[in-house]
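The two complexes that follow have chain A in common; it is paired with chain B in the first and with chain C in the second.
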Partner chain A sequence: MRNRLVLLFLAVLAGVAVVAGASARPTATPPLTIYAGASLTEAFKTLDPAQNYSFGGSNALETQIRNGAPVDVFASAAPLNTQRLFSAGLVEKPVTFTANRLALIVPKSNPAGIQSVYDLRSKPVKLVVAAPAVPVGGYTLTVLRKMGLSSVLGKIVSRESDVKAVTGKVALGQADAGFVYVTDARAVSDQVTVVRIPAWAQPRVRYEVAVVTRSTNKVAARAWIKVLLGTKGQTALRNAGFLPIPKSTS
Partner chain B sequence: MPPGDLVSALGTAAARDALVVTAETNAISMMLILLVGTPAAYWVATRETRLRDVVVTFVELPLVLPPAVAGIGLLAAFGRLGLLGGSIEALGIDIAFTQTAVVLAVTFVASPFYLRTAVAAFESIDPTLPAAARTLGAGPARVFLRVALPLASAGLGAGAALAFARGLGEFGATIMFAGSLQGTTQTLSLAIYEQFDLDFDVALAISAVLVVISGTVLLSVKLLTRWRSASPSLIPFAPSTRTST
Partner chain C sequence: MTVRDETERAAPARERRRIDRRRFLIASAGGLAVAGVHAPAASAATDDDLAYGNFGLAAEFLASDYYARALQGAKLDAAVRPALRRGRAVAGLHARTFSEMLAGAGDAPAASEDFTFEWPSGTFATAARTRSTGLVMLRAMLGAYQGASVGASAQYRTLFASVAASTAQQIGSLAPTAGAIEPFPVALDLEAASAALESFLG
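After this line comes the complex of A and B, so read on.
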């Protein structure tokens, strides 16, 4: 009995060694570590599944880079986060690579009966938004201010840490409505209904990408950004619902 | 960072609100855990049924579950589209994004810490003592209240302290199930997470408070256990424990 157990143990050990050996084989190009705003999840994974991604609120990712996270590329949903890191010398010069719009989403069952953004004012509604420091949270405040709906702020029941958390709470039916990017709404289109936000109330949502200064793989990082700005990258972004690079980038 | 700045960081609205939310929700959770958990633990400890193992496993499950799984579980059960959520909402009770949701999350993850210790405490009571009380004419309720509870009190206290500490730190299930809104559902742990990006000093100050509270809780558990191992000498007719020292 004991011998058999020892044999079994050795067999498992050998198996582990084989697997470990296989994964330790040097690959032609080691994957880049890319930090990206949560809204880029679907687009980036479709564009290039081979890299290591960490998606989250751009503000949280900025904090992690400040604290020395070993990152090669940072793609932010707001220029603020990349520009702050740039002035601190933590990333190289950021470039704009895409744009986006906001949408209000409600669960398919639409328990609060929201047909337009203005319904948020008149109907009892559990509204979920992102925290103000998260890019989409800031953009949401802009939309509400432009539409004269600041009173709606009182109906917020949760301030989430990134846009996917907002999307999830609405898709799950926990919340009655939430402000997200149109691209996030598209990713869960079978669970939510999109309520359009008029063009005149849309904030300027501009995404920036930059090579992180302490990256040990800057050549590959720059090449990856080049692909993102090229036809392949732009097509993938367009397919996910993102807008082309705005002409007048301030 | 000077301690004075830490104290003033605690004065920010975010920190104060989080402290109040945490105090309220944890107080209610602890009350629920103690009021329901104590008789339940006694019931489990004094019965030798096959059901017992099932009950104990079920109760201990949150102890080993990742908090994220606890969050998903609570959503699946009490979410608005969950198994029970619909019928609860029909009763006019709305759990989503309220302090009730925080209380549920905290109770779910913290209760096993109390129940486990409480069952062990009740089981370690010399069975001859309740039996003697019964022969002297005490009813089951009186045995529970006047014999079992005092004898197990040190263990119950230690369990309560552990459950309290776990509830205080609850994060994953709360953020998934209750969301995060300052003054309503944002507990100390959630506030640390949010302030980490906004104002590191506030995050640091709240963390320092939690370190102090956790340290106090651990210390009180230590003291309770010491008091418990010393206490059997107070009961001269408890032969199974008197031999220690």
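After this line comes the complex of A and C, so read on.
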């Protein structure tokens, strides 16, 4: 009888321990669904691999959010996309979280012999760019206009849906040159050579992030943005080649 | 009253009018100098016009930063300091002019905050380094403006020529009073001028 009582006591004790152990474990929060510009792929995956990401052209992602996609956070490569959604009441007030610069990339073999952006004007080149509605495509047009090189638009052989597609085509040698972000060039630095674009011709590339209004997990979404804006997030972005939050975010 | 009397009486009036006209011209010239060279309406700015304008805007922001640091460094003779202050003011004026030009053409002009100016270590540590760095910068700018005064469309040539003249004045103020003779200014295309300033413009 006494042995039975001891066994019962131990069983109850073990049960209490199991319950206590379970309640002490951190509550598993469901991963956030984050839509982000393709150029943020490496940086975001490094910063927080636990979330569900969908990377692509910010314009396409904006359209998906408009169409009701279940998203918690939207990080865009251009303020235009987030601001339009904000005006429509589809995201909370966006904040700038980083900046970037453009570069011209050529394959390592450099078949067209491009040493300077100005060579695009004088040499026969197969140029690949992103479509004008894609942020990097719009920025490319700005660079060419600022440098007085709009004439090279006639050398475009392909307009891609996002910056990764441009990078891929150049890296694979399917084009002689392409305009991408410095951060994307860095990600394939073993396959491409970077041709610098002068500072005076650089567009103002600003990234914005916002909580999507329809999100069912706004508290976690806001917390995630806080991390992105904090030291951890900014360090991950800097390590990927992004620029710090600009003083002037206008 | 004789004709001679009338002539004699009219002479002071003519003199007064001459003096007034001279004063007016001087005042007008002064006014223009204060107001700066205004960019003409840029309804039909070409690609090259905009490229020169964008380069000029960044270069003038750079020059403004240079003058501020040179003043702060205080290594140049006290006699040069007024020229540095004038240089800073003129750079601001030029920047405003290029900004107006670009905005008039429908572009979003850059702001000074868009640039990270990078000066080699020790640039402002001695008078000689301060002076030589300033001259490298200003000569590249002058070369670009000279190129622009030929390469830009007719409506902007006077603007770029005026800015070139003003930049040459700054070079004169900064150049050492003794020593090597200032080289004959060479017109540069944008690629060459841009390469010359690349290390400073980040």
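Just so we're on the same page, the second predicted complex is superposed on the first by the 223 of 250 C-alpha atoms of A that agree within 3 Å, B and C clash if a C-alpha of one lies under 4 Å from a C-alpha of the other, contacts with A are read in each partner's own complex, and residues count from 1 in each chain.
Note that in this section a contact is a pair of C-beta atoms (placed from the backbone, for glycine too) under 8 Å apart; a residue touches a chain by one contact, two chains touch by 3 or more.
Keep in mind that this is a model prediction, so the values were computed, not measured.
Trainee: In the superposed model built on chain A, check whether chain B and chain C fit or clash.
Mentor: With chain A aligned, chain B clears chain C, so fit.
Trainee: Which of the two partners, first being chain B and second being chain C, lies in contact with A:Ala60: first, second, both, or neither?
Mentor: first
Trainee: Tell me which partner A:Met147 touches in the superposition: chain B (first), chain C (second), both or neither.
Mentor: The answer is second: A:Met147 touches chain C but not chain B.
Trainee: With both complexes overlaid on chain A, does A:Arg204 touch chain B (first), chain C (second), both or neither?
Mentor: In the superposed model, A:Arg204 contacts chain C only, not chain B.
Trainee: Could you say whether A:Lys169 touches chain B, chain C, both of them, or neither, answering first, second, both or neither?
Mentor: first
Trainee: Let me test your reading of the model: by the given contact rule, A:Pro246 touches which partner, first (chain B), second (chain C), both or neither?
Mentor: second
Trainee: Considering only touches as defined above, state whether A:Ile156 meets chain B (first), chain C (second), both or neither.
Mentor: In the superposed model, A:Ile156 contacts chain B only, not chain C.
Trainee: Quick check: superposed on A, how many Å separate the nearest Cα atoms of chain B and chain C?
Mentor: 23 Å.
Trainee: Across the two complexes, what residues of chain A are contacted by chain B and by chain C?
Mentor: Common to the two interfaces on chain A: nothing.
Trainee: Which of the residues in chain A end up touching chain B in this complex?
Mentor: Interface residues on chain A, with respect to chain B: 57, 59-60, 62-63, 111, 126, 128, 131, 133, 156-161, 169, 172-175.
Trainee: In the complex formed with chain C, which residues of chain A make contact?
Mentor: Result: residues 116, 118, 145-151, 196, 198-202, 204, 246-248, 250 of chain A touch chain C.
Trainee: Which residues of chain C touch chain A in the complex?
Mentor: Going by the criterion above, the answer is residues 46-48, 50-52, 54-55, 57-59, 107-108, 110-111, 113-116, 190-191, 194, 198, 201-202.
Trainee: With touch defined as at the start, can you tell me which chain B residues reach chain A in the complex?
Mentor: Contacts found on chain B: 75, 79-81, 96-97, 175, 178-182, 184-185, 193-194, 196-198.
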